[in-house]
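Next, two complexes with chain A in common: one pairs it with chain B, the other with chain C.
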Partner chain A sequence: MATITQILEEKALEVKNFEFTYAGADAPSIKKLDMPIAKNSITALIGPSGCGKTTLLRSFNRIHDLYPGNKYEGEILFKDRNILTPKEDLINLRIKIGMIFQKPTAFPMSIYDNVAYGMRLQGIKNKTELEGRVEKALTDAAIWKEVKDRLKHDANGLSGGQQQRLCIARAIAVEPEVLLFDEPTSALDPISTAGIEELVVELKEKVSIIIVTHNMQQAARVSDYTGFMYLGELIELGRTEEMFVTPREKLTEEYITGKFG
Partner chain B sequence: MTHTEKRILTNKIVMTLSTLSAMVGMTFLFWILGILVINGIDALNWTIFSEAGAPPGYEESGLKHALIGQLMIVGVATFAGVPLGILAGTYLSEYVQQSKLAETIRDISDIMMSAPSIVIGAFVYAIVVAPMGHFSGWAGSVALTIIMLPIILRTTDDMLQLVPSTLREAAFALGAPKYKVIMQVVYRGAKVGILTGVLLGVARVAGETAPLLFTSFNDNFLNTDMNQPMASLTVTMFNYATSPYEDWQKLGWAAAFILSMFILGLNIIARVFLMKKKGK
Partner chain C sequence: MNLILDKIFAHTTKFIALGVLLIVAWIFTELFQQSLVSIQSSGFDFVTQTKWAPNLEKFGALPAIYGSVVSTFLAMVLAVPVAIGVAIFLSELAPAKLKSPVGVSIELLAAIPSVIYGMWGLFYFVPIIRDIVGGVGISMLSAGIVLSIMILPFMAAVTRDAMNTTPDILKESAYALGGTKWDVIKDVVMPYAKAGIIGSFILALGRAIGETMAVTFVMGNVHKISLDLTQPATSIPVTLANEFNEADTGIYYSSLFELSLLLLVISFTIISIAKFYFLRRKRLGA
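On to the complex of A and B.
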């Protein structure tokens, strides 16, 4: 059984007895996993490649549903409701639980249209409101100053780091409650990485954040809680400062001291 | 001879052979173009565009009937083939993806692409011309649509598959429904490629003769009724060029020249688009 530290904050999400099996696979990639996610905090998921951390992350907004045959079991509670039921409205779920990907995913349209995209999907057409919220999202994503004079330019003309911040702006523009980050800095240089990390820490005032990372220093720098996963199971979940200093599980200790992974 | 000398010699031989082969190919290409330009420009004049066909010996004789017929037949085929091809390609890439059904459709479409166009002409003759009882412009358009369809379908399919799946996921992650993901994000990412496919598809059918012989047949006079047999540049060119009358033969050269320039133009535009896409 996993060693799980009691979460002091309110819970944003709660994973209960969760199993995930990819289409065509014999064995589940995530096995009987229980995990609370604290509200307005940053929870980092670490673990060696193939341990299931990205698979778990992608279950929170059910992006796995895009590919046929994947199977969820157990529960993920969001506002006391299990989001894994077939009747869950995925469009509304994904508005509430946003996602940032490993590589920047700027759409082939202008910077402005990128940020406005999610809001337009929700039917917001009022130009003044859109302009105000685009500016606010870009400001919150710490990129407004760099792009305010070229909002009509193609978003693909931005640098990788800028594109990633644009994607964050696009995600926060629809005012989600949870943001999922899937290794958001693995394609970026150190300076852009520092910028994104700073931004992630600022964002937790408004949203609950789960971040998958291969970089343990990053987990230590930004997160409040860290979950260590191994072979589809959660081995340990604890407060970050405690877990990196005094891990309670031997496997966790071996992983964070670099004995494997 | 040392090993190095041998290698250098082999290199020289292969290089000479491939250069010669390339030159043979280029020679024929420029020969064809040269003859077309010389004879074509010589035959070009304003009456070609202002006058329709006339019996041999008439001063006022042109290709207006064939140009208009060509534009109408190819236009209708494009109007039908482009949306059909793009939608079918979208279905393959975005809905059935790598399933057995999708792979079967892809295979059939590849086979259709290499089917002799005269066979498609004969097919349309059997399903359209024979029941109607006469040749018609519509039948010609049907034949060209069938030829165009697999080209546009496959390029659309290929180009959509090149759009990274993370881009789709990102749009879904913002709460977009599937049709909006496709129309607003995926199409935008693939638009240059799809447009290139459309241009190449149109260029391909614009030069077809055999399927039209069976379907739209020909008309030596101006006709804009798609229900009737209709002139096209290609069939007109064939008829005029094989006739014994010198003025008709000249018109044949003009038709060949106009047709080649049209197709060359489409191909160049398509390539410019592709180059822009790669340069990006």
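On to the complex of A and C.
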């Protein structure tokens, strides 16, 4: 059984008895997992490669559904409703639960159109509203000053770090309640990484954040809660400052002290 | 010893590669020299006059140029939307079980020799056209349709390949913002693959304009400019294929060479635009 610290805050998401099996796989990649996610906090998921942390993250917005044959079991509760049912409105779900990827993924369009994209998908056409919300999103993503004079330029002309902040701006522009970060700094240099980490911490005022990371220092720096996963199971979930100092599970201790990885 | 072998090998490959350049230059000079008689005697009339009467030594190539342009245009208009549709289906919509068998059959279609398209067109397709629109069946319209069927598989296959280069992570990003399949195809896949798609169209255009066998069967070799697409017509390659063995005078012979020079220049220009402008290795997203 996993060792799970009681979450004091309200919960943004709650994973209950969750199993995930990839198409064609014999065994589930995530087994009987229970996990609460605190609201307006940052929860980091750590663990060795193949432990299922990215698989779990990609279940929260059901991006797995793009590839046929994947199977969910159990429940993930979002606002007291199980989002794993077949009749869940995925478009609506993905507006509420946004995602940032391992690599910057600027669309082949201008900086402005990138940020406006999600809003336009929702049918927002009013120019004043779009402009206002684009500026706000870019400001909140700490990139407005750098791009305000070249909003019409191709977004692919930006540096990697800038593109990743642009992607964050694009995600927060649709005002999600949860943001999923899938190793968002793995393709970035240390300075850009520091910028993104700072930004993530600021964002928790407005959204609940789950971040998958390979970098334990990063988890320690930014997160409030840390979940350690191993072989498809959650081994331990605790307050970050406690877990890195006094892990309660032997496996957690061995992983964070670098005995395996 | 090995070093010497290396050198010999390097020089041999260099020689062969340069040989290709040499052949291109050779063809060009040969065509140009053979055309000289016609260029000197017809001048610009060659491309502006509509009367092609070898027995009167009148050589106006405009009907052939017109036929090449119109049949190619028809082929493109018919083939482009279908090719895009097939490519979208294969790269974004088809279930895995269908993707590979349909994809492979399209590549097989692209491998059918054009003379077979021509035979099939003449014996099975022309009669259908005749029944539907009247006329003799052998016509500009038949040529355009047979050409479009011929270039379609190539276009669809290359367009699909271009679309397949869109990184999954980029598509996932658009889905993660609440995009539907159509949104993602329209806003991410098509713009990302745009250069490759247009490049494939231009390459197909180059093939269509130079195509000989498929259209020779169904076009009619009639040197007349007619706006009625059901009338027989001719194109540059059709003229060349039909008339070389009839060319009994020097000027007739030379005029055909000028026609082929013209075709070569047009094809080179089209392919160059496709290669250098659209099919350059582009920056990789992210």
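Throughout what follows, the second predicted complex is superposed on the first by the 261 of 261 C-alpha atoms of A that agree within 3 Å, B and C clash if a C-alpha of one lies under 4 Å from a C-alpha of the other, contacts with A are read in each partner's own complex, and residues count from 1 in each chain.
In this text, a residue touches a chain if its C-beta (ideal position, glycine included) is under 8 Å from a C-beta of that chain, and two chains touch if they have at least 3 such contacts.
Small disclaimer: the values here were computed from a predicted structure and weren't measured.
Asker: Quick check on the superposition: with chain A as the shared anchor, is it clash or fit for chain B versus chain C?
Answerer: Clash: chain B and chain C overlap once superposed on chain A.
Asker: Per the contact definition in the header, classify A:Ile91: touching chain B only (first), chain C only (second), both, or neither.
Answerer: The answer is both, since A:Ile91 touches chain B and chain C.
Asker: Mind working out whether A:Pro190 is in touch with chain B, chain C, both or neither, as first, second, both or neither?
Answerer: Neither chain B nor chain C is touched by A:Pro190.
Asker: Applying the touch criterion given at the start, work out whether A:Gly123 contacts chain B, chain C, both or neither, answering first, second, both or neither.
Answerer: Neither partner.
Asker: Which partner does A:Gln163 contact after superposing on A: first (chain B), second (chain C), both, neither?
Answerer: Second partner only.
Asker: Which partner chains sit in contact with A:Gly24 here, chain B, chain C, both or neither? Use first/second/both/neither.
Answerer: In the superposition, A:Gly24 contacts neither chain B nor chain C.
Asker: Residues of chain A that sit at the chain B interface in one complex and at the chain C interface in the other, please.
Answerer: Shared contact residues on chain A: 61, 63, 66, 91-92, 94-95, 98-99, 101-103, 105, 107-109, 117-118, 121-122, 156, 167, 170-171, 174.
Asker: For chain B, which residues count as touching chain A in their complex?
Answerer: On the chain B side, the touching residues are 164, 166-177, 180, 184-185, 188-189, 280.
Asker: Quick one: in the complex, what on chain C touches chain A?
Answerer: Going through chain C, the ones touching chain A are 95-96, 167, 169-180, 183, 187-188, 191-192, 194, 283, 285-286.
Asker: Which residues, counting only chain A, touch chain C once they are in their complex?
Answerer: Within the complex, chain A touches chain C at residues 61, 63, 66, 68, 91-92, 94-95, 98-99, 101-109, 117-118, 121-122, 156, 160, 163, 167, 170-171, 174, 187.
Asker: With touch defined as at the start, can you tell me which chain A residues reach chain B in the complex?
Answerer: Per the touch definition, chain A meets chain B at residues 61, 63, 66, 90-95, 98-99, 101-103, 105, 107-109, 117-118, 121-122, 156, 167, 170-171, 174.
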